[in-house]
Structures are given as C-alpha cells and as structure tokens.
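Next come two complexes built around chain A: one with chain B, the other with chain C.
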Partner chain A sequence: MRLPARRLVCYGLGVGNSFALMFGLPGQGMHLRLDALSVLFLCILVPQIVASALAERRGSIAFWVFAGAMVLTLLAGDAFTLIFGFELMSAASWLLVLRGDARPATLYAGMAMFSAACLIPAVFLPAGSLAFMLVLLGAGAKAGLAPLHSWLPRAHPAPPAGVSALMSGGMVKVSLYILIRYAFIEFGAAAQPWWGSVLIAAGAASVLIGALRAMLEVELKTMLACSTVEHAGLIAVGLGIALRAKAMGNLDLASLALQGALLCAVAHGLFKPMLFLGAGAVKKATGTTSLDWLGGLMRGMPRLGMLMLAGAAGMAALPLGPGFAPEFLLLHAVIKAAATGGILARIGFTALLAGLGLSAALALGAVVRLIGIGFLGRPRSLHAAAAGDANRATLAGMGLLAALCVPVALLPGVVLGMMEPVIQLLAPNSAPAPLSYAPLSLFLLLAAAAAAAFFGLRRFAVRGTREVPAWTCGFGSPPAWLPFGDPLTQPSATGFAEPVRRAIARGVLAPQGVDPAEAYLLFPLSQVSLRLTRVAEYIRRSTMRQRLAFVFAALVMFLLALGLSEGG
Partner chain B sequence: MVTFLLRLVATLLHIGLVFALAPLLMGLVTKLRARLLGRRGPPVVQPYRNLRRLLHKTTLVPDTATDLYSIWPFVCFTATAGAAMLVPGFSLGLLTANVGDFITLIGLFALARGATMLAGLESGFGFGGAAAAREALFSVFAEAALLVILISFVLIAHSPTVDGVAAAFRSGHLGISVSLGFALAAMLAVALTETGRIPTDNPSGHLELAMVHEAMLLEYSGRFLLLFEYAAMLRLMVWMCLIGTVFFPFGMARAGEILTWPGGLVLWAGKLGVMAGALSLFEIGTAKMRVFRVPEFLGVAMLLGVLAGVFLFVAARIGG
Partner chain C sequence: MNLDYPLAHLMGGVILLCAFSMLSQRRLAAMITLYQVQALTLSAAAFWQGFAQGAGDLYLTGLITLVIKGILLPMGMRQIVQRFNMVRAVETTMPVGFSMILGVGLIGIAVLVVLPTTVSAVSLTREDLAISLSVVLLGLLVMTLRRNAIAQVIGFLSTENGLVLAATGMPGMPFVAELSVALLVLLAFLVIGVFLFRIREHFDTLDLVGIEEIERRGR
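Our next item is the complex of A and B:
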C-alpha cells in the first residue's frame, strides 16, 4: 500500500494550495485543488451546466449528480478523487442514457468500464510509456477518439437534449482534461515524441470519420454527436502536436498547438451544447429529429433558427464565427510542424493537413445540410409545418451560450491572453506568438462591404419585393391537397449527402456505410464474445462423464508437463 | 506618415480597381472565348449592362422561401468582397496585407460558398438542392487541395500571408522550382472549380440538371441576383489576382513608393489579360466533365499539392 499512498499525495503537491476534505480514503481524505488548467476547464463547463439547467433539466437528481461529478473531477487534487469523480460521472451519465434509450446503454456501460479499467491502474503506475498509453486508452475512449469512438454517436443522442448537450460539450472535455493533466503535467518529464504521434494519429482518424459521418447521418442529434467526434479529434491533433513538439524541445510550436487545442475546447464547449439544446427544442416542437421529416422550421421557429444558425457557423469554422480562430491556429500549427522532424513525419503532416481540409469542407457541408434541409425550404411533414417557437427557457439557455460565443469569435486574442497561465503551466517558458488572425479588422472590412452593398442597392436599385409562386424551371404548382408540395420532390437529407457518399464514404467507411470502428473492432469483438459464451455454455452443460474426462485429462496433462520438465 | 498615406491611397485604388474592373474581366473572357470559337460574341461591357438591367428589375421572392432569403446574397457578396480586398493586385504592401492570411482567405471562400449553397436550398426545390449537394462535394476536394498547396508556399516563403508569399517569391533567388510548378497546376485546378469554369461547371450552360453554380440561383431575381452575379465576377477577379500575385509577382509595385505604381498597374492589366486569354483558350479546348469525374480531377490536384510538399522536403534533405 506504500506506493499508491505516495502517488496519491504527491499529485496535490504541484501547486501546494490543495484543500483536504474530511472523507474519502481512510487515512488519506480527498483533496481538492484549483490550478490554471482546472480553472480553464471549469470556465468551459459552468456555462453549459447553467444553460442545460435553464433549458430543461432542473429537477433531475441524476443530472445534478452528473454535473457535480464533472466539477469534482476537475477540482480533484489527488488521483483517488479524480477517479472517484470520473466514475461517478460515468455512472450518472449511464443512468441518464438508460432512461432515454436502453439500447445503447449496454455499449455505453461497456465502454465506461473499459475506460475505468485503463485509467485506474494508469494513475497509480510510475510515469512512463505504459502509463501514458493506458491514460490515452481510458480518457480517449471516453472522449470519443478513434478507434474507440463508435459508442459516442449512439449514446450521446439517447438522453434528453440537456444531458446530450452536457455529455457532448462537457464530458468529452473532462476526459480530455484528464488526458492533458497526465500527458503534460504528471508524466511531463517522461514524455516522448511518439506519444504525440499516437495522439495525432488517433485525432486525425476521429476528425475524418467524425466529419464524414456528420455529413451522412440523417438524425439531427446523431449528426451533432458525430461532429463532436470530429472536434474531439481536432483537439487531440492539437494536443498531439504540442506533446510531440514539447518532447522535441520546440516550445513555440507546442504553445501554438496548445492555444489551438484549448481554444477549440472553449469554442466547442459553447456552440455544441447550443446546437444540442436547439435539437431538443426541435424534437419537442415536431416530435422528430430526422432531417428528412423537417424543413421550413425557420418560419415557425425564427428565434431558435437564428440561434441554430449562430451555432452552426461555429461548427463549420466559418470566419467571424467562434470556430474559426481555433481552426486557424491548428492549421498553422500543422503547417509549422511540417517544417520539423524527419521526412516521413513531414509527409505525414502534409497528409494530415489534407485530411483537415477535407474535414473542414465536410463540416461546412454538414452544416449547410442541417440548416438548409432542416430550417429552410418547405416543410416535409405537417408536424414541421405546425412547429411553434421554442419556450423561453430554452431560448434563454441557448442565448447565454451564444452571447459567450461573441468574445471567442471577435476577440480570440483576449481569450488567448487569459489562457496564458494555462499555456505556461503545460509548456513552461514558452513565448507564444501573438495571434495573426485579426477578426476585428476583418469584421470592419466585411461590415464596410456589406454596408456599401446595402446602401448602394437602396439608392440605385428598384426597392421592395413581390411574393410570387416559385419558378422551379417551369414545373407546375403543387396540387391543392399538398400545400407544401410533395415532400419527395424536395431535396432530402439523404439525397444531399449522396454525392459525398458515392465519392468518399465508399472508400473510407466499411460496406453499407457502417463506421469502420464498428465493423472492424466492435463486431469481431462481439463475435469472439459470442463464441466464448458458446464454449462456456458447452462446458456448463456437459455430462458427469465429460466433466470427469476433463479433470482426468487435465491431470494427465499436468503430470506430463511436470514429468517432461523434471526429466529434461 | 507619408508612407502610411501612400499605402492607404494604394489600398483604396486597389479596391476601387478590383471592384470596377471585375465585370470587365468577365466580359473579356466571354468575348475572347466567343472570338476563338469563331463567333462575334457580346460586347466586352455586356456584364455592366446585365448588372444595370438587374438593378432596374423588380425582385421576386418565392412564396416558399423563408425570411433569410434576402440574407444569403449579402453574405455571399460580403465574403467575396472581403477576399477581393485582401488579395493584392497591382501592388504589395497594402494596408490589408497583414489581415490577408491564406487561411482567412480560404475561410472567406468557404463562407461565400456556404451562403450560396443555402441560397440553393432556400426555396426547397430539387434543382437548387442537387446543385448544392454537388457544390458540397466539389468543395471538399478543392479545400483540401488548396490547404495542401499552402504548405509549400509557407515552407518556401516563411510567411502565411499572400503578401508575404508574393514578396518572398518576387525577390527572385528561388529560381524555378519543381514544387512551385506542381503547386501552380494544383492551384489552377482549384481555381477553375471555385470560379465555376468549364471542366467542372459551365457558366453559360442552359440545362438545369447539369448546372452547379447557376442552378443554386435559379429562384433569385432582381437586386439579389445582381449581388450573386457580381460576387461571381469578383471571384474570377480574386482568383486571377491570387494566381498572378503568388506565381507571377514580377513587376509588382510597392505601395509606399508612388513611382513604382504605373509600372505595376500596367503589368497587372497585362497579367489579367494574359490570364483571361489562357482561360478562354483552355475553355474552348476542353469539355465539361461528368459530376463524378470532378473528384478525380481535384484528387489529382490534391496529389500534386502533396507532391509539391514532398519534393520540398526531399530537396531540403538533400540540400541541407
């Protein structure tokens, strides 16, 4: 018991202002502690909890246990408290998933147990490659990093929207927090460049698969969950570059990549919960989240639609949105990284950049699909046509997150300045270059152009508009019993994704568009488990004679082995 | 102070020229193409007349459109206009030089493209949706190829802005590099796709099923269509400026020295003319390709971009 005890205590000694609680492990207690990193992640977490609670989940005990457990994990000052909070978070979220939909709950529980089985030994092991890999497997599985991501698009959409929002925006961040804390601080001295390479590879695979599936999925919440996989991957790519650069002594690159990764975490923690809350409101108003049954929601739900548009601009990393500055920093970090290291690493970074470009455009396509099919155009069902705007609480929750997006979008330099202590904690003595993306000047330029266009048209063009039946290249107007036209004549979400499915998904995904992790990892595993179950069942059902034969054969084998080893 | 004022004047001059000449460039390409095909073609100033005509037309709004119908033209125009202000034309060292990072530029193109795709989906009819889906597919490869090319630029020039890259390439001691040749080929393919020119899309096409860019605007009319059309002209201008500035930066003026301006202006006009000629020659020489051939076309561009990077790495290995 001596070794774990020492590790438990020394975790908290880094800063020296830990705070002991009176309960916990006998003789140890539980320690809470606040440093720059946990403050940053608390700042990411708290607005989401407030917004989710505002929007819908005030009365649920499991929700508050879930939220409290996440806060406890971030505040943990020793490894026991950290694991305790993390597992409490898993258990509470499992309960919430189970209440929403029982089917993915088993998979979710299995993944949570796997990540616990990796994390618990890892935090008590001495710093080294084995411990890092275990932390990466444990925290990465929970954060949805490929190839252990396939549970995420199933489990995250299952519970009500407020919980989905917190799972996607918060739980993933808490897992990444553990990864950052161990990779950069606890095991920082033993770090090796290949740790970063592994993290980059896992992140790149998640980015590509997440973005591609976000483009293909028809269910709104599943699509958002796939996009979460993408963003977790982006953060992991940034962290991986930073880890590699730090181990190789290139602190400037490390700080640039860290800036990108942490800003991405901040931005994603704002716009993704917003989108999930909006998806919940859509579900409440129309009874479905399938894009193929929505359409024209902007008419019935204008305020929700505008908030969704703001969140979607962040998700697609469009300029002047909250998602652009992190993407900018990450792409620059990849380009800088391509100038370092061996030739294979450089080619790898070039390929990584191509992959990030593909995913960025796919994310834009996914967002256009989400807004264009779901909120614009004609309704595809009566429920969509009759949808009323979301209730005030949901709008307030989303509005809070949208308001917080504004400084991230327009003043990322200030946000990065506030993050400076975290960067210094993770990459000591680095001097990050100032951000070369200037959203304010860009905003002024664009505002000038827009104003010129607006006033020019007001002055010189014919004013006013006239509402007419749509032209549609001369096709007839729809019959009277279909006021919005036949839904089958409209572009559908499935159809919109078809070109991408034909051109890209066939090469990247497994046959029938199944996630490769599911087809090549989960399915074989379930086959093995099935076969083992059959063997166990066969043994259990064996007759007395067969059992005696087993015992006898075992005895003979044992004696044979003994005799051979003694004789030889 | 004087330098700052000169730079300000040069910036304003650049912006004014780009905005004023964009329709002329489009008209020039159309005219040259018609002449090369043996037709007389519309006059060079026809695009100005088209814009003026649209100015005087009533704007019709389909009854199935939502309130955002009038937003997308402005977003598309604004993003393209922003890109036009950031890419230097006749002179380096403009006031917008520091904002004009390549990745910001890619983001602005993406913003314009997203607004156009949403405009296609706006009224909920099949043609616009199909065209938007195709545009989404093309953009996936175009954006990846453009980013990969960027890596060679930044590694050679040590600067991520268009201005910095052009300044580094102009200083001349680079010589002719294989990497830049590959990068140029890849960039041309991306430019043809982004501006909707012939191998991927036909700007003068009339069959809705085969159109990409135009099909998204089928339901637009009047002043909103004007914004989209003007944005398309600006986009052609921006891409020609971008290619001219990055790959042929010789003779560009310096914004702080007024005496270099006339030469820069003349050379800029010459470069634009040559590129317009090359574009129309290319367009009469090729046919539009099937939609699912375009990913292959752009995939080759992406591969060329990667090769450009690989050659650079190998050269650095051998040289260093």
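Our next item is the complex of A and C:
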C-alpha cells in the first residue's frame, strides 16, 4: 500500500521520487521518500541525535539502532516501512530503558505493544473514523497524550541522559509525525470536525496534568518528562484545532494552529534534549537528580547552569525564549477558534484558553523551582557542594542545541517562512496571517534600553563605596555553631510545591498525589489482569469433572447461541 | 393408517424418557436397568425403521444393539456392581430436582436448535433429530454430574444411544459407520472396565474424589 503521490512543493530537499530499497516485503519492497513534512521532522531530529551522540552514548549499538529507526520512520515511503521503523524504534528504546531500570521497562514494553496493536491494523484500514481513532490511540500512547501518558514519566527518566533526551525530544515527535501524516494527509479527505475535538480534549488533558506534575515532581528527570507530556499536549491541541478547522473549511485558522503546533515541536525538540543532557550532567556530578539534595549548582557548574537557564526559559515559554512564539501562536489560534462554531464550542475553547493559561503558569512555577532550588541557594548536600562543571563533550552537545535555539527564539518569523511548504502540504491553499511578534526588534530595543540604563548609571550614579553586610540569599544571619548556615533551612523542592499541591493537585490528582491515569486506568487494568490470571489458574487446576463441565457448558452455550440466532 | 411416524416417535419418546429418568436415579442398579430398557427400545426402533424404510442394514444394526447393548453391557455392568459390592451405593453429588431442571433446560435447547435449523427437512427426521440431540445432551449431563465412575460410563453409553437413534432415523446412513460405532463402544467398555478394576485396586473406591485427591497432591 503506497502512500499517495507526493504533492509538489517547492522545498529544496523535498523534490524527488520515492526510492525503493532492495529488501522488504516480497513483491512490494520498502520505499523511502522525502517530502516537506519528513524534512521538517528530520530537521527537528538530527540536531538531537548529534547532540546526544556528542554528549554521551557514542559507542552504544542500541542507541544508533534507535536513532536510525527514527530516521527510517520519518523517511518511510510506504506503510510497511513506517511500521517497521516505528517498531524497531520501540524495541531499541526498550532495550535502552531496560539498561536503566527493569520495572518501567516492563510498563514501557506493554505500552509499546498496545500502540503497535492499534497502529498496525490502522494503517491498513480504509480511511475513516475507526482508522483515525486507532492511529490516535497508537501514536498518542507513544507520544504521551492523556490518558495514556502515565508510562512516560516513569520510562523516560530511566535510561541514561542521552537516551532520555532522544526519547523525549525525538521519539515523541516521531509519534506525532505519524499522527500528523495520517490525520492530515492519508485520511485528510475523510476528516471530520469531531476528530479534531477528540485530539484537542486529549491534548488539553495532557497539558494540564503534565504541567501540574512537572510542578510537583521532585526528581529532575521525572519533572522534565512530565513537562514533555505537557508539550506533547500543546502540540496536540494545535493539531486538533487545525484538524477541526480544516474539516470545517476554515483554512486560515488551520494554518495558524499548524504554525503554532509545528513551531512548538521545533522548539521543544531543541530545549528539552538540552535540559535532559544537563540533568544527566548533574547526575554525573552529584550522584542524584533529586532536587531536595541539590542546590547552589550555579557556583560549581556555571557553564552548565547558564545552558540550563537558557533551556528553562524555553520550557517556561518566557518572552524572547524559544518557547514563547509557539505558545503565542497557539493562544491566538484558540482565541480565534473560540470566535467560531456553536455555543458549546465557544464555551469549550474559552475553557481551553483558561486551562492553557493555568498550565503556562504552572510551567513557569516548575522552571522557577528547577532553577531556584537546584541551581541557586546553598548546596543541600556535600555532593552538590563539591560538584564540578560538566565535561566538554556534554557542554558542546548542549551548546549546539542552545545555538540552534537562538534563531527559533529571535527569528520565529523566518522559521515559519521556512515551514511554509509543510503548512501548504497539510492545509492546502491557506494563507496564514503573518506573525505579529518580532522578538528580534524587541530584543534590540531591550538591549538598547539596558545599555542606556547601564551608561546612565555609570555616568550619573553616586561614586564611592559603602560597607554593607553580605547578602545571604535571603537567610537570616547564621547562628554561631553553624558558620555556613544550615542548608536544610532553605525551602525544599517539596515545600516549594506544597501550595500548588494544596490548591490544585488535591482536586485534579487521585488520592496520595498519584497520577489519575495510573489510579483510574492502569491500576484497574492490572486488577483485571490479576483476576483473569486467577481464573486461568483455576481452570488449569480444575478436576476431571470440572473440565467435563467446562466442555459441556461450552457446547450448550454454542447450541443456545445457534438456536437463538436461527430462531430469532 | 400409516404407523411409520407415530411408532418411531413413540420409541424415540421412550428412549428420551429413559435418558431423563437416569438423572433422577441415585442407585446404580436402577440406572443400569434404565439403560437396558433404553437399549432394547433402541433396537426395536432400529428394527421398525428397517421395516419401514425397507433397509436390510437396519435389521443388522438392531441385532447388534440388542446383543451388545441390550444384553452384554448391562450384564457386565451388573457383574462389576456385584463384585465391587456397590449394590447399595448412593450418589450424593447434586440435588435430584436441580439436575432434572437442568435436563429440562437441555431438552428445550435441543428443540430450540433443531427445529428452526432444519425447517427444510422432512418432519419425521426433524423431531427424531431433536429427540436424539436431547438424549446426547442428557447423557453428557449425567457424565458431568455423577461422581461415580460407573455412572459416568452409563452416561457415556446413553450418549452413544442418542447417536444411534439419530443414525437410524436418517435414511441413507451407511451401515459401516454404525457397525464401527458399536464396536468402538464395546472396546471402550472393555478398556473402561479394566481401568475401573485398576482404580479399585488402588483407591478402594470408584468415587472419582480419590483420583482428584491424588491429582491435587501430585501438584
């Protein structure tokens, strides 16, 4: 089953016929093909692979298989190659997770099998609602969309940092790529508005739960994984709005939402691997990633700290950071969508807007906590106090990603212009409004203002020196028996999150702060599986007469069904 | 007046009645007697069908049924009961009323299945088929409910009677099939008889509870 002929796009790399490989299914082979969408996602993927390989994992075969499988998935020209690459990616990443920790690896393997069981039938079904729902379940589970996200904060932090970076930044994008390809291109003609609504609902739930858990988690890498759930949700919201608008014929809104979603994918693919690599360096230097045992790292690891700060600015969607433009576009799209459709849709989009605002605030809180608790203040443990800066390779990998963040942060308009062929491929004949946000000029204005203030101070400030007590980072003066102060008197990560836990988490999370998907989906499922195992064990241990009775009952049931169906 | 159908139905009804009463009998001797009556009626039904259809094969079937199932097998079983001193043995597995309710349900299912699925067939075969399916199901029910090994054997034999009844009512059934089924039953009875003796030697009882206990301990 070949994908339909590629649309003509005037994108330098996107031109060319599909390329047949010499192996694959008999009589069909495997095909590689490059179009604008694949090129975009390859551009997202390749820097992460380079950075992860630069930072660590250069010699691991599984890592290269993992990376190669992701590339193969993006290049796939037919359904078989796509599924082959996707499953190879799952298997290789499972091996890598297993190397870190066995228990999340089992959960991960179960989730990967579930997504395979949904995706494989879906790509061979005729375009329609059933096929779309299966693709959404399969790719969404792999991308960490609620309610199938609960494996992600467990599995992503388990392997070494380079792999975590690639899983969070790359694997999630590859799953979303499959979702985009099928929802917009393959099933595009059969699309219905409610497909988009389902996607928006799943995305909104992931955004909320991801941001909330990122605010509450104490482990650095788990927190980053929760933030990945949030960003996957943001992308899904954008895609959902685009899908809905496209099905309803509103192409301009569709292209606006697509711009937001794709730019969000680009930005997230840059800053999240950077943060994961940084978390790996922190773990190497201090032996822990628990924020409750860190602190004051900015002094010991200044260069890593600055890079982490840059990544954190992206994660919090601060203005002038890489994460701001996508959120700006997404909020615009939501506002625009709220002005269309029926009363229910309007109310829903307004609520979505409130939810996105809340989660943006939560993400900001999470980042403040990450930097404030982990990198500022005083060290909470000897290891944190003795941490030295990360090695050059890690810094080089992170620096590469940070350098690529700069154009995304300061020139989003140019990046969007380069994305134009993708938008045209997904929403043909649309004319998106130009971006009304020019961070470069803002940045220059701010820089000019700062320089003027600096020189003004230099010129007009009072000269002379004055002796004041040293700033103690907000502590009281230390008691005599603790000349350096007791670091544990600082607020801890848990304590910092406590107000949010009391105000919001009690209503949203299940009791004891467990993820609702875990408490209401995974736990009952495991109970059902336990019960089924018991039934199977009971049948296996049954006596001769019971076995006779089982066979007899089956026969009677069959006859009854036959009689009822024939008689009725 | 044509007696073909009424007599065939009457004998089928007697066979079904015997199978049904086996459910209510707790004593082995009574079950064996019921089985014997059932087998004799079956052989009579076979003779009658042979006469009505003008098929010589069916006389042979009736003769085999009469000799093997009507005379030899009940004699063998009575001997086993005598030798194992189980004349007064009583089954206690399930309340009689409940098992009879189940039996009525099974007959209902058989009628429900056969009558609508065979609308196009001749009426004689249809009702005969319903009766024989009921007899098969009731025999299986006896096998399932009873704990005593001999009672299970009787259930098995009764099931086989139901099959032969279906075969005789169906014109054109080859004789070889019936002959081989009859031989199979005889062989099965011999094997089971030997098996019963072995069980008896080991456990001093024919109650399957003994085997189940051993099975459980073996795990």
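As a convention for this text, the second predicted complex is superposed on the first by the 509 of 568 C-alpha atoms of A that agree within 3 Å, B and C clash if a C-alpha of one lies under 4 Å from a C-alpha of the other, contacts with A are read in each partner's own complex, and residues count from 1 in each chain.
The definition used in the following text is that a residue touches a chain if its C-beta (ideal position, glycine included) is under 8 Å from a C-beta of that chain, and two chains touch if they have at least 3 such contacts.
Model, not experiment: these values are computed from the prediction.
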{"item": "Chain B versus chain C as contact partner of A:A91, first or second or both or neither", "value": "neither"}
{"item": "First (chain B), second (chain C), both or neither touched by A:L356", "value": "first"}
{"item": "Partner chain in contact with A:V39 - chain B first, chain C second, else both or neither", "value": "neither"}
{"item": "Touched partner set for A:R541, first chain B, second chain C, both or neither", "value": "second"}
{"item": "Touching partner for A:I504 - first (chain B), second (chain C), both, neither", "value": "first"}
{"item": "Chain touching more of chain A, residue-wise (chain B, chain C)", "value": "B"}
{"item": "Contacts of A:A117 with chain B and chain C, given as first, second, both or neither", "value": "neither"}
{"item": "Which of chain B and chain C A:A519 touches, first, second, both or neither", "value": "neither"}
{"item": "Complex interface listing, chain B residues touching chain A", "value": "55-68, 70, 74, 77-79, 81-82, 85-86, 96, 98-99, 101, 103-104, 107-108, 110-111, 113-114, 117-118, 120-130, 132-134, 136-137, 139-148, 150-151, 154-155, 160-161, 208, 218-219, 222-223, 226-227, 291-292, 295, 302, 305-306, 309-310, 313-314, 317"}
{"item": "Contacting residues of chain A [partner chain B, same complex]", "value": "215, 295-296, 298-299, 302, 305, 309, 316-320, 324, 327-328, 331-332, 335, 338-339, 343, 346-347, 349-351, 353-358, 360-362, 364-365, 367-369, 371-373, 375-378, 436-438, 441-442, 445-446, 449-450, 453-454, 457, 460-462, 464-473, 475, 484-485, 489-491, 495-500, 502-504"}
{"item": "Of chain C, residues touching chain A in the complex", "value": "106, 109-110, 112-113, 116-117, 137, 140-141, 143-144, 147, 208, 211-212, 215, 219"}
{"item": "Residues of chain A touching chain C in the complex", "value": "541, 543-545, 548-549, 552, 555-556, 559-560, 562-564, 566-567"}
